[in-house]
Amino acid sequence: MQLGVIGLGRMGQIVVNRVVDAGHEVVAFDLDAEAVATAADAGATPAESVADLADRLGDDKRIWLMVPAGAAVDATLDELASHVDEDDVVVDGGNSHFEKSVGRAETTDAAYLDCGTSGGPAGAELGFSLMVGGPQWAYDEMTPVFDAVATGPAGHDRMGPVGSGHYVKMVHNGVEYALMQAYGEGFELLANGRYDLDLEAVAKTWNNGAVIRSWLLELCEEAFREEGSDLGDVADHVSGGSTGTWTVREALEQEVPVPLIYQALAERFGSRDDARFSRRLANRLRYGFGRHEVVRDEE
Amino acid sequence: MQLGVIGLGRMGQIVVNRVVDAGHEVVAFDLDAEAVATAADAGATPAESVADLADRLGDDKRIWLMVPAGAAVDATLDELASHVDEDDVVVDGGNSHFEKSVGRAETTDAAYLDCGTSGGPAGAELGFSLMVGGPQWAYDEMTPVFDAVATGPAGHDRMGPVGSGHYVKMVHNGVEYALMQAYGEGFELLANGRYDLDLEAVAKTWNNGAVIRSWLLELCEEAFREEGSDLGDVADHVSGGSTGTWTVREALEQEVPVPLIYQALAERFGSRDDARFSRRLANRLRYGFGRHEVVRDEE
Amino acid sequence: MQLGVIGLGRMGQIVVNRVVDAGHEVVAFDLDAEAVATAADAGATPAESVADLADRLGDDKRIWLMVPAGAAVDATLDELASHVDEDDVVVDGGNSHFEKSVGRAETTDAAYLDCGTSGGPAGAELGFSLMVGGPQWAYDEMTPVFDAVATGPAGHDRMGPVGSGHYVKMVHNGVEYALMQAYGEGFELLANGRYDLDLEAVAKTWNNGAVIRSWLLELCEEAFREEGSDLGDVADHVSGGSTGTWTVREALEQEVPVPLIYQALAERFGSRDDARFSRRLANRLRYGFGRHEVVRDEE
Amino acid sequence: MQLGVIGLGRMGQIVVNRVVDAGHEVVAFDLDAEAVATAADAGATPAESVADLADRLGDDKRIWLMVPAGAAVDATLDELASHVDEDDVVVDGGNSHFEKSVGRAETTDAAYLDCGTSGGPAGAELGFSLMVGGPQWAYDEMTPVFDAVATGPAGHDRMGPVGSGHYVKMVHNGVEYALMQAYGEGFELLANGRYDLDLEAVAKTWNNGAVIRSWLLELCEEAFREEGSDLGDVADHVSGGSTGTWTVREALEQEVPVPLIYQALAERFGSRDDARFSRRLANRLRYGFGRHEVVRDEE
């Protein structure tokens, strides 16, 4: 089949490669001409604009958006608006908020599939996990493409109506934060505990048969191999946090307790603030009631 | 080589089977004669007592204890005391506290290896992850057995001196609690969220390529397949907790924050108490300051 | 001075009483005629409608709204719209979200003061704590009324521009949740601990000189006196949660970690759900990896 | 009545002063002669040794120990051993672990009262809150002294048998940690929130009539008055933690969830570690799965 891909960053190129490799025809566009050239080298037909891409796709267009979540998605949909109709299918493979996807489906003439995509750059070889929301017929139409982009037929599924794909991906990411922090706590204790341990060896041993083996633990093993058991100069500064924040907000809305996900997110916030006000106040209060000496910053 | 196995419960039988299958000779004993017979059927030489087992092993005895952590380990070591010397090796493959293992190593004439064993009954086929502490020479001597019991050479390693094996296993279990709770929070949100989802399909899709894929997530998938997306009559009651408690106590001792592991453990405690006093008091206090109606138990 | 009070529920009546007792003139209105009659008995001039109330106040109207947060505030402001101008002052003494107050200030011709009110029905005698946001001149104009409604001049202050009053009150409530849960945890441990304690005596002793003495602890003491050390039939069900939810959402927005406030809120959610999905899954997973028996609900 | 006081640090001197001021006779001893002189100036009879103090007390000795928890208590009890019998009463007013107190009661011939003392140096004027464990008769005998040292008769009570006084004090301190952190979170949000607030004014307003008013909040008010709304150079470093650790350990033992107390304690640990390993690992893992740039420490 034929697929248009708009957005040729790291993830978009992987989509192009995997779909081309599966024997499909790809028309590719990005605002960056160099990225288009890279896709062309990989076997895609280059397009000069969104309109050009749409023209080249003919009727029953199948289009995959892999642009940054946010304004770029809306801008691309605006450009596509006059080129698509109800027989066409648009997939948003980025990290959009599910409510945005619900809104976009309403204002797009094409069938709209929101597709949570997990696996990162490593998916280039393995394929991704695709969590898809939207009309069944559109999902069915896209199945050959999903088979190619995902790890295979088992790596994608229709979660439910539009929004459900990005909803499930949002929760996936919330869980991801908590898993990382859980492993981190274990290794923090081992790194500060009673024995002088080779943490790569610990992770390797766990990854071979232990209950907690996982891909994230394989990445821990890789991290210790490359950075050392003390993680070298890796800083206590965790960036990101938007999908975790969305997860906690949704959990508040649904009144579902998610203390581990919340705490993992809070650790990120804390990692970016060298002097937590709450602790500074506690330091001072201990003087207030117990005349314990206040610890003060050196100049 | 030749191995004595004392303790032939579910895990002990797996050890027997895997070591026999690897071509080694096994002498097996358990207080339950039926368990000894099962081991004999699997190819082990039955022993009638600890003393008999020791006699049958000759010099340079290699003995694997797979008895319940606690008094049973001490009782077995007492029985072994007059039969072992410094050329012999005793492995404790159970879930003992690392400080107990340190103490036992001091009072045992044989070389003592504490071996944290993870993987559960599923290890019957796959092999286990073995985290071993104790003298290097003893670990080296036991390598053929560890190769057989573990998933292979990658599935075992010497963590450090005696105690370190059970120490690493203790932390493994603390992490395990947190991972389970983290997945649980994600699925709890999905089960109470905006979409009517097939949680087995979610878990299956995640297990194929998503960042959070893991063996525990495969067990979630299995749970939803067997119990349904609503988990049927599975109760809100989580048993166990000793190794998690040890982990938190050790983290207190080392002054390492482990909020996710702590909270996962606290959820277990909470699951066993239908009426948490703290919340009951909060309910009453809301009346105290705001005259909000007190919710009372029906008779 | 002269004050119009709209909304004569429990809190509104206290406002009327305290302002009348301070020697001011009050015109009072509520949709419920009986409530108006009660206010009249207390010395207020009854009004038959919002318009009537506005008429009776003459120029430079000073009006206190004590209606439920939400639609009622907007409806009352709509009714007031044609009766007030920039020389008038409207106070919202309810628990509105600060962003709503900012919006209302923009669409109201009168000067708008958002006034967080804490102290509950007990404030009838003691007076309230009033956290006020809005223009300085309007705050100054209202000072005699604030002196009367609050515990006195120390019991009210201008926090900053409009919105800041309800903002500070929102955070107050978040802290309140955490304080209640903190005391609750202490008493939960004492109630389940090693000694058979009279919790009223504990709270009484603490309230007399201990570091943690507070009004909430006095309410704990009262609760144990009235319900007993076991809290009798007080249920594990904590209602409410909106201001706590707002606090956590704002903390997410500002990327400020508030783990105690979050957890206190999560305990409320948990208290309303007898069968937490996350724990049920953990129960099942322990079978998955360790063949620990699944605890199942009885029919 | 007559009281011997051993240990004349800050707290011991306050005990001396309050008991002398109440008209009782005090014999005072400390290893530091200057401290004894200070007590003598305050009206106490100086003693030259523990033995001398015991001699001066005659029969039916009433002795208050106010020495640092730990070895000093045992050393003092050893010295007292030959001087006391079953008609005498010894009070340990320090922060001993309750299990130590139980043990000491068993090995002391005198009746033993463990007395949790809260209120800090501020108790010099107000008096303390005293939580007492031990035999009823001994508590009754000491009542005049407790009346003097406490805020009055309401400020002390017998909690139960020996150990219960220090047990209740231990839990008091656990709650104290959580209350401080709860206020801290609220002020941290306000300090980083949408409005430029005078936190002393906020605390002052809350302390006058708000639900969360308390002595600790008065200490917050004082802290902001003395250090400014930004707390100046007060460092993010909270010392201490032993009684909080004891509380969490006891809660683990009793299987009572105390997430707020735990988290408050964990914040102390975190405040002493500038580079949390768990977060450093999360930073690195984000590169592992998503190729997000690793943040690294500058040289």
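Order of writing sets the labels: A, B, C and D. Residues in every chain begin at 1.
The working rule: a residue touches a chain if its C-beta (ideal position, glycine included) is under 8 Å from a C-beta of that chain, and two chains touch if they have at least 3 such contacts.
Owing to the predicted nature of the structure, the values given are computational and were not obtained by experimental measurement.
The pair with more inter-chain C-beta contacts, choosing from A-B and A-C, is A-B.
Seen from the Cα centre of subunit A, the chain whose own Cα centre is farthest off is D. Distance between subunit B and subunit C, defined via averaged C-alpha coordinates, is recorded as 48 Å.
Rounded to whole angstrom, the centroid-to-centroid distance between subunit A and subunit B, based on C-alpha atoms, equals 33 Å. With centres set at the average Cα position, the gap from subunit A to subunit C is 40 Å.
Residue positions 119-120, 181, 183, 185, 188, 192, 211, 215-216, 256-259, 263, 267, 270, 276, 278, 289-290 of subunit A each touch two or more of the other chains.
Partner subunit C is touched in their complex by these residues of subunit A: 211, 241, 245, 248-249, 252, 255-259, 262-263, 265-267, 269-270, 272, 276, 278, 289-290.
Of all residues in subunit C, only 98, 118-120, 123, 126-131, 133, 150-152, 154-157, 159-161, 163-164, 167-168, 171-172, 174-176, 178-179, 181-183, 185-186, 188-190, 192-197, 201-202, 204-217, 247, 250-251, 254-261, 263-264 touch subunit D in the complex they form. Interface residues of subunit B facing subunit C in the complex, by the touch rule stated above, are 10, 119-122, 177, 180-181, 183-185, 187-188, 191-192, 215-216, 219-220, 222-223, 227, 231, 233-240, 259, 267-268, 270-271, 274-286, 288-292, 294-297.
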